[in-house]
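What follows is chain A paired twice: with chain B in the first complex and chain C in the second.
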Partner chain A sequence: MSQRRIGVYVCQCGGNISDYVDVERVASQAADNADVVIARTAMFTCSDATQADIAEDIRQHQLDGLVVASCSPKLHTLTFRGVAERAGLNPYQYTQVNLREQCSWAHTDDRKGATDKAVTLVEAGIGRTRLTEPLNPLVVDTMPKALVIGAGITGMRAAVGLADLGMEVYLVEKQATVGGWLKSMDTMYPAGKTPKEIIDQLDEQIHQRSNVTVFTEAEVVQKGGTFGNYVVKVALHRPTEQTISLNVGSIIVATGFDVYQPEIGQYGYGIDGVLTLPEFQDFLKTNPGPMVYHGRPVRTVSYIYCVGSREGREQPNAHTYCSRYCCTSTVHTALEVFKHDPGVHQYHLYRDVRTYGKYELLYSESREKGSLYLKFAADQPPAVERTGDQLKVTVNDLLTSRKELAIPSDLVVLVTGIIPRENDALVHALKLPVGKDGFYNEIHPKLRPVETVVDGVYIAGACQNPKTAGESAASALAAVTQSASILKKGKVQLDPQVAFIDASECTGCGACLKVCPYEAISAQSGDNGQSAYVVSEAICKGCGGCVPECPVEAIRVQGYTNAEIRAMIDGLLMEEVEQI
Partner chain B sequence: MATLVNPNLIDQVKQSDAFNAAACMNCGICTAVCPMGIEHLPRELFRYVLLGLEEDLLAHRDAVYSCLLCRLCEVNCPAEVHIAGNVRTLRHYLNQAVFHVKRMPRARKATTG
Partner chain C sequence: METLREADEVTAVMSQTQIEFEPRILVFSTNNISDPGIDLAGSSHLHYSPRVVTIAVPCSSGISSSLIEYALKRGFDGVFLAADGDECAYLSDCNERTANHVADAQKWMKIHGFQPERLRMAAICSVCAEPFVNYMHEFSRTLTALGPAGDKNHGL
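And then the complex of A and B:
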């Protein structure tokens, strides 16, 4: 190989690095390498001016490798890959060395030690860069069709959104009818529209669009194919059992939530007159006018909040999170009760009221109309028992000097939270990332809130975390946008730093197959009839899990080859030897 | 032994005049600014009324009558509870229901004017 031409830039980070590391010595020792043709320091390497200087150096000195020794690769790898690309250097021939987090910030008391370490880290970076090869992003075509799983408000809104962008949409629903939880709920805040009206409106919009196909009583059973062109098997249970195959470019998961179901005996659940919030809402819906429960007029209702939410970690399978919507839903329900009968006494036993945003107005209104709020401590939950004709709720009220109060009640409503819906088959089929709390996980809660680690598979609505109907619709449209961003272009670029199996060395032992978490490896018979394994570049995420499994070193991850890693180790060790 | 909550008390108090403490969030500013240093006035007292704890209310009736009605608490109340008005309503209720005080004759009112 002819001699490489490498440029090395050592950043001062405005003193963050140069206060503790002798950057001039680091640069000059880097320059001792014969193939380092340029080695400079800069006040801020990431500044526009220095980026322009680097680009100019790349062009002028015809660099074929670039090392920037600055901060964490998490921060600026893409920045300097961009500089390389703009100057005509392949971005994968760039190496970032972390001097700030690993030297200057870590060793503020040892300038010489920090500098020696910086020299070896840069030496390692140069060693790797010396072996880099140009890599080109993989381009895959995307099928302009989308699959939406779950036809609640989230899935329905997503289907309409995708259809309006010109996509072919398949909407798959497990139940016999569309509408999810909303179709069974009563009035909604703030417009007072019934959820049924909203669902009917969405249903009509779906029917008006010829590019949406709805499958009810259907389930996704398998996902094959590759990113951009997934082949999804859907089991239809009606009119006859059959399995169909759909080709889609993206998948939006909108499978929703479940409601926490108290155990018998929990807060008196099971006693006549102790209901969950959804059960109470059903009762209200079917009993217009003054409330009569099992023949007895209802004059007093006590609500117990946070049932199945914010549970202590010591409980097995605890739901430690706040379900967020239940305070608002209860306050709203209490106002509905006043519409039935303004004279009803309503006692709210809460831990903290979280009627965030505009829902605070509902909370104020409920207090003004006479709802009373009593606060209990998490370690002193209320107790419910039946005494004769009435239920009795006992609570230590923190707002009344922790006085123990007994509230005679006609109905006790347990304010139950949202829990994740169990759907192991779908999780398995799509390789969905499930969080500790049981909800599906996004890549980044703020910057990539609907994308999952599985390319082309998005999550929306309450399968991700507790959401209101409005928030669910908003996340549906976010998922639509992300879907469209890959489907509208017709192709996507993928990171080329993926695994590659050298067929001439592969012995076909299959060790790599067992560890691949993405099922990216498959068998293929080679020219000589001997079977070898190949990696699907579109599926592989470049995690490198297969590399150490291979007994004959036939697998390498592009950009992180064994040779490159050995060169980095050599770089680190060489300097150590010199110091002795 | 738990004190029994009685929803009827608030209904009775409300009948006598406008009593409204539902907006109270128990922040305690009223107690902090009270020039009389009346600990039980007004937030705990209002709690007794709202929850119908009549015995507790009667036990602290001195507080109801010690209030200067200066309204320092009221102007500082973040929830805009009409505290002084509520205290007057409570006095009215206690006068009637507990002490059986008759209404002042109208003629008396005229002479003081």
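And then the complex of A and C:
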């Protein structure tokens, strides 16, 4: 291997690193490397002045590799890639070494240990940089059109948002009408507009915009093409069965959720007078005034919370997550009941009340109006049985010396949560990442909350996790912003750190082909008629799942090759290796 | 006499190494999920052994058993795979895939005299700072009890 010309910069981070790590020693040990042309420390490597110094060094010393040892790569990888690029060095020949979050801050109690570690971390960074090759991002043109799947509140809000940014929008809905779950609901918390008013208003806004086309009774059946210009096939079921083809730059999936339906016998479900929360809300809507259920006046209502939510992992197909909306919805429903009849006794049997944010006010109000809250343990759920004319709910109350209480009730309401909607055909067509809980997975719940690993495919609303209508609309706007930021530019760079296959080493065994769920790998017959495999750069996500499958290491992920990782391992063991 | 003293010194040095043995641990983390969790441990100034070092990759299922073997052969006393649990954005079955590579590596370890306890895999989420540090303390203790890995035990 020919000698490299690498520059190494060790950041003091204004003391955040240098208070705990001897940065001068780290830099001087880095300088001992034959490939290292220059090694320095700086007070703040990310400052404009130091960035300019680094760029100047790159030009003056004709560096072909750059290492900055500073904070976590999540913060400044792009910053220093930019410095490299501005100075004419390929940005992918840069390595960021994590000297702060994973060294100085984690070992504030051990200066020598932290410094020894820092030396090896930098050595690993140099080892990796030595093997880097220039990579060029694929630039693809993007179509200024977007597809929104699902016309509930999320999809409708997204369509309006995209249209207002000048995008051509196709809104595809499986059902005959738009509006999703909301159009059939009665009241929403917090007080204000009814769901129908909100949906009608959005529907009107969509109709006013000429750049939104709505397809109802339609389904997405296939996605082809590549990021920036996906070709999506949509099956229209009306007026006649036909399949149309749409070219779009991005896709927002807003397919929503399903409601949990208890099994017969679960908390007495199936007994007359035991209802789910949606069934009870429906009953309230259709029966104004004092409540009478099946000819009997209702004087006592008991609510059992967390039915079908936060289940133990030991149960098969357990819904282990919190459905988030149901506590507040129940508390709100209880307040509606008081409007029907202020004298009704209401018992809330809960595990934890999660009326988060300003909804705490609803919880307080329900208590002030007379709702009683009883806490039960997850492993001691309440029991429901019918005794004569009444229902009896038995519960072990955790907050009053674990006394067993029997509550005679006229109605028992099971507070049911939401579950992911099954849509295997869509998951398959779009290659949507599905989490273990059955909801679609974003890249990161906080940092990249609407992006999926499939470029240009975004998720919003309750298809990604339980959300309220307000939260769903907010996530729709996040997806709109992400989507438009790509489409407005007209072109986009794809990360070149994806898999590639060295054709000279590929034996054509096809092991990699079978493990890629994105279908990024395909066969191509070589010159000698022998088949070899190639990776589509635009489709590959760079996860590396295929790498261990290759018996000859012919398939590698750029920037994460096994050779680079081995070089890092050697660097990390510098002293050991030297001793041996 | 001369030789005897030398031998004494060697024994003294060796017993000192035994006492001061602090295992080297290599952690493989994932860019989107477990590495931010490990970052958070540092941001929270939670301490763990500085002999713990991390290499971040896109997804744990991309770590070939050969890399785990390489790390042990070269001198790490233990390897910890900080996997994504249920949260991996790339592959819904990444845990199973990673577990398969772990199983392959363990077969190799058995043949080459590395105790199976030297390889661990656990889910570390993006805010799992404390669990990560606890795992490291526990893993360091286990490895300290086992002593240096593989070839370092014999011959060297």
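Criterion: the second predicted complex is superposed on the first by the 390 of 580 C-alpha atoms of A that agree within 3 Å, B and C clash if a C-alpha of one lies under 4 Å from a C-alpha of the other, contacts with A are read in each partner's own complex, and residues count from 1 in each chain.
Keep this in mind: contacts are C-beta pairs under 8 Å (C-beta built on N, C-alpha and C of every residue); 3 or more make two chains touch, one makes a residue touch a chain.
All values reported here derive from a predicted model rather than from experimental measurement.
In the superposition on chain A, A:Leu399 contacts chain B only, with no contact to chain C. Of the two partner chains, chain B is the only one that A:Arg299 touches; chain C does not reach it. Look at A:Ile407: by the touch rule set out above, it reaches chain B but stays clear of chain C. By the document's definition of touching, neither partner reaches A:Glu173: not chain B, not chain C. Touch criterion met: A:Cys543 reaches chain C, while chain B stays clear of it.
By the touch criterion defined above, A:Asp22 reaches neither chain B nor chain C.
Between chain B and chain C, C contacts the larger number of chain A residues. Of the two partner chains, chain C is the only one that A:Ala114 touches; chain B does not reach it. Applying the stated contact rule after C-alpha superposition, one finds that A:Glu368 touches chain B and leaves chain C untouched. By the touch criterion stated above, chain C contacts chain A in their complex at residues 24, 26, 31-33, 35-36, 38-43, 45-51, 53-59, 61-67, 70-71, 74-76, 86-92, 94, 97, 101, 126, 156. Those residues of chain A that touch chain B in the complex are listed here as 299-300, 345, 347, 364, 367-372, 374, 394, 397, 399-401, 403-408.
Across the complex, chain C is touched by residues 72-74, 98, 100-110, 113-114, 116-117, 120-121, 124, 433-437, 441-447, 452-453, 515, 517, 541-545, 547-548, 557, 560, 562, 565-566, 568-570, 572-573, 576-577, 580 of chain A.
Of all the residues in chain B, the ones that touch chain A in their complex are 1-5, 7, 10, 20, 22-23, 26, 44, 47-48, 50-51, 53, 56.
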